[in-house]
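In the two complexes that follow, chain A is the common piece, with chain B as its partner first and chain C second.
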Partner chain A sequence: MKIQNLSVAKSNKKILNNLNANFEPGKIHAIMGPNGSGKTTLSYTIAGHPDCEVISGDIIYKEQSLKDLEVHERSLLGVHLCPQYPSVIDGLSHAAFLKEAINIRRHNQNLEALDEFEFLKLLKQKAEEFKFNPKDYIRHSLNSGYSGGEKKRNEILQISLLNPKFIILDEIDSGLDIEAMKYIGNFINQYIQPDVTILAITHYPEFARLLNAKEVHIIKQGQIVKTGDIDLVKSIEANGFGDF
Partner chain B sequence: MQNKQIIETLDTKYSLGFSENIDSETIPKGLNEDVIRLISNKKNEPEWLLNWRLEAFRHWLTMEEPNWASVNYPKIDYQDIFYYSVPKKIKNEAGEIDPELKAYFEKLGVPIGEQQVLAGNIAVDAVLDSQSVGTTFKEKLNKVGIIFCSFNEAVINHPELVKQYLGTVVSYKDNYFAALNSAVFSDGSFCFIPKGVRSPMELSTYFRINQANVGQFERTLIVAEEGSFVSYLEGCSASRRDENQLHAAVVEIIALDNSTVKYSTVQNWYPGDENGKGGVYNFVTKRADCRGYKSHVSWTQIETGSAITWKYPSVILRGDESVGEFYSVALTNHHQQADTGTKMIHLGKNTKSTIISKSISAGNSSGTYRGLVRVGSKADNARNFTQCDSLIFGNAQVHTHPYIETTNGSVTLEHEATTSKISDEHLFYLQQRGMSEEQAKNMLVNGFCKSVFQKLPGEFAVEAQKLLEINLEGSLG
Partner chain C sequence: MSDRFNPLHYLDKRLINENPITKAIFGLSSHLAKRKSEFQFFNFIVTNEKGIIHSDIKISTIKNDNTLEYKIDEHNNKIFWLRINHCDNDILETIVLPKGAILIHEDISLNKSSKETTINCLGNNSYYYLSLHLHEQLFFNKVKFLINNNVKSYFFTLEHAQKHKNQIDYQLTKESKLEHYSLSSIQKGQLQDDSINVVHDKNSNSKVVYQSLNKGKVVSQVNSLVEKESIGCSTEQNLKHIVLEKTAITNSKPNLMICNNDIVASHGNSIGSFNNEELFYLNQRGLTKEQAYTVLANSIIENYLSNTDIKDELINYLKGKELYV
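Up next is the complex of A and B:
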């Protein structure tokens, strides 16, 4: 994915300022920066959130501009955002939600829809794999009553099920203990493939290291001011973002 | 910005809002004893019925319009309404329905010619403004002893049955709108299922308001004798008018020993425009009396229409072991207001009732569930299960008032309730998983309503789902 001269405003306030970046596939990219530097705005703009108004510039993914695509069209291209606070929807079961999500994707790829039986079998497997009680999980309302850790596990379950190619993890590590962080780091390291790109937005150098990030991008005042390898993390640990 | 889109997408592009210039005989606006005499006279009614109407009218004059419901509307001027309007030409010399009327109902998707009905067939009574214009399959039903005709015909041909049952479930003293209806009702459907008969087809009535400023006051009376079964469907729509239209109906059901009546409604009255202008005021009294041992009545309603809905289909569980059910989906959008629910009155022993109510609200609308479960002192071992779920888009309002009154210690009452509030962020999340906004909303609504849709007869379930989807898609349908 290439971000070209991207300027974005939120509630009429300019947040991203002529930002340029190249997120190459096959790599885990850590995005780091001080609070309010535009990390989350960058993620939401890539996903197409209506509050993020693109003033100028473009986002090119798979040789097309994402700028004028709807949120769901970007999703069907493979863009997948794990928000810091995943939605909780009472009354919408995981089974109903994820069956719709997977079959829309299959329809888009000219594959036959999964029937109820095939789908539930698959979903129960995934639930088991990600340490949910399968029977409870399928009927459970989306994230209802789940702890922070369970919600994040539910996010990576969805990645495993829907198989997206450009994944943005918006502070997926926030509020997690070290064991849970490791669990997620493990999954991400196994998931990465030559055609998969992962952007991990994080405050914690430790998480970037745990992910084994190939590239670290420092974002400040709406611009990427430095890109380097994992060693960048060291100087952040030592001196914060002041050096950039 | 997204919230605006939600409202637009949920916008009902009301596809049934057309009106036709149907040459009609309409008596002047206004309400007094002379108007009632005139209506009664036009319908060749017997003296006893005229007297009943007049008693109802005199009682109505002593009553006050109720104001306890969570709805707001300007004061209705009852003198500014036409109480009687019938098409001049209904049937030709050969007794066939006027082709123009037939075409009119076809445009609504209501078959009033028997040849057009598919194998699954449904008998239809079609009511336009104040008059039934035709009932299909009468002969076929007659063969098994079922009487299915307009209310007016029943008064002429079966006065003894009408006299025996009319007003015995909903007395004209019951409430303001029931009294008004009893005084001026013009037509409706009558349905009698004799002992031991299972109706070979579904019976249905379609109510349509076409003329401007006409109030529709229909009356439906269903009697199911011992051991009989009938599934009854009601559909309705109205022309799009800037003025509000008044619809004050009464439905009475009498179910005797071991009989079952299933009454399903898909209500699609004109809801008014997006600014709340126009639309039908729907003030309806629907009640069933389970008069016998193991009588069983179930109400299923899908409410998408009318500007204001004031409606509580209820069941009196008089007979021992009788069963009452209420399944409801009510969708409100823009400035629509719905105050709806049910009353289950347990009087007999081992009686059982189930209430499933689903409210979907969007825009500036408000939806209220108002329910009463009352258990009498003799209703030993009565049981009720109530579930009230709400699905709210944006800032619409939903209220739930489940009242319980019991004087019996042996009852079992269960209540469950959920509220799902769908914000812009929720929709964004779902869209981010590949669904368009419409697909996300349909998924939410269909999942939410599934348990009620399952209670509708086959074809009707498809229609109901389609209707909600049209409302959601904002397409012309």
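Up next is the complex of A and C:
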């Protein structure tokens, strides 16, 4: 994915300012920066959130501009955002929601929709793999009553099920204990493939290390001011973001 | 299916055979009865001629062709499914619900009609109102409840007349408790006009939750009246309207009419679309806007059904009418 001279405003306030970046596939990219620097705005703009108004510039993915694509069209191209605060929707069962999501993808790939039996079998397998009670999980309302850790596990379950290619993890480590953080880190490390790109927004150098991030991008005042390898986090640990 | 649930055993076969209209309607009802064999099934077919009445419900009097007074006195089964087919009628009915009884009250109206019901709830009752209206005229439903002890009341309208008016009056006795939950889905060109009136006696509690999924027009008014002498009460009103079309009109009024200071009272009223972040989340998983709207509307219905005691039965009912996927 290439981001070219991207300027974005939210509620008439300019957040991203002529931002340029190149997120190569096959790598985990850590995005770090102080609060309010534009990290979340960047991720929501890539996903197409209607509150993020693109003033100028472009986002190119798979040789096409994302700028004029609807949110669901970006998703079907493979762009997948795990938000910091996943939605909780009472009354919407995981089975009902994820069956829609998976069959839309299959339809888009000219594959036959999974029938009820096949789908439930697959979903139960995934639930078990990600440490949910399979019987309970399929009927449970989306994230309803889940702890922070369960919600994040539910997010990576969806990655495993829907198989996206450009994944944005918006502070997925926030509020997690060290065990949960390791669990998610392990999953991400196993998921990365030559055709997969992962952007991990984080405040914690520890999490960037855990992910074996190949590139670290420092974002400040709406621009990427420095890109380097994992050693950049040492400098952040020592001096914060003042040096950039 | 046990024989005692089969309405055929109770009918005057001659009347069915001689009347082609009742024969046809009864055929349908009998079919539905088989599908709901777990329920006591009562079928009233009210026509301008003499009605057919199958009954484990006792009919006290039939004042005229369209006036029914009955008392449910079955002790073995606490769930009653009462279906009324209206054919151009105005019906007056009186029901006495014994303690612990659950009544599912279903209206199928085939033409312009109205119904006025008085229900005496003797305690710990649940009441479900379901409606299906196959005409394009006005349906007026007036229900008056006398509440003793605890009562939960559900009004569930997924398909209705072009103009559907509910007037629901609750008279709470001392120390009684009412929970009322309405959910309506209003299509383009339809009007739902609801008025819910709660009158409190001393130390009584009420909670009214009213939800709509609106593509047409909704007028909803909830009035809670607490007189000066009705001390120690609590009352809560919560109205939520989801607007699904730009042209939809919602007129919503929660009114607290309170004449003393010894009370806990609250009311809320919201009119708006679905939560933007929820829509974005669903879109981000590949669902189009239309699919996301459908999924969220279904989640509201599902959530509503989950709060009932008879969720599975209601889902079967909706599936039978192809209103639930």
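Just so we're on the same page, the second predicted complex is superposed on the first by the 244 of 244 C-alpha atoms of A that agree within 3 Å, B and C clash if a C-alpha of one lies under 4 Å from a C-alpha of the other, contacts with A are read in each partner's own complex, and residues count from 1 in each chain.
Keep this in mind: contacts are C-beta pairs under 8 Å (C-beta built on N, C-alpha and C of every residue); 3 or more make two chains touch, one makes a residue touch a chain.
Predicted, not measured: the structure shown is a model, and the values here were computed from it.
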When chain B and chain C are modelled together on chain A, clash or fit: clash
Touched partner set for A:86, first chain B, second chain C, both or neither: both
Chain B versus chain C as contact partner of A:2, first or second or both or neither: neither
Partner chain in contact with A:47 - chain B first, chain C second, else both or neither: both
Partner chain(s) touched by A:100 [first = chain B, second = chain C, both, neither]: both
Single chain B stretch clashing with chain C - from 38-46, 92-100, 110-118 or 398-406: 398-406
On chain A, the residue positions that both chain B and chain C contact, one per complex: 47, 49-51, 70-72, 75-76, 80-81, 83, 86-87, 89-93, 96-97, 100-101, 104-105, 108, 158, 162
Chain C to chain A touching residues, read off their complex: 275-278, 280-289, 291, 295-296, 298-304, 306
Of all residues in chain A, those that touch chain C in their complex: 47-51, 70-72, 74-76, 80-81, 83, 86-87, 89-93, 96-97, 100-101, 104-105, 108, 141, 158, 162
Chain B-touching residues of chain A, taken from the complex the two chains share: 47, 49-51, 70-72, 75-76, 80-81, 83, 86-87, 89-93, 96-97, 100-101, 104-105, 108, 158, 162
Interfacial residue positions of chain B with respect to chain A in the complex: 1-2, 389, 391, 418-420, 422, 424-426, 428-437, 439, 443-444, 447-448
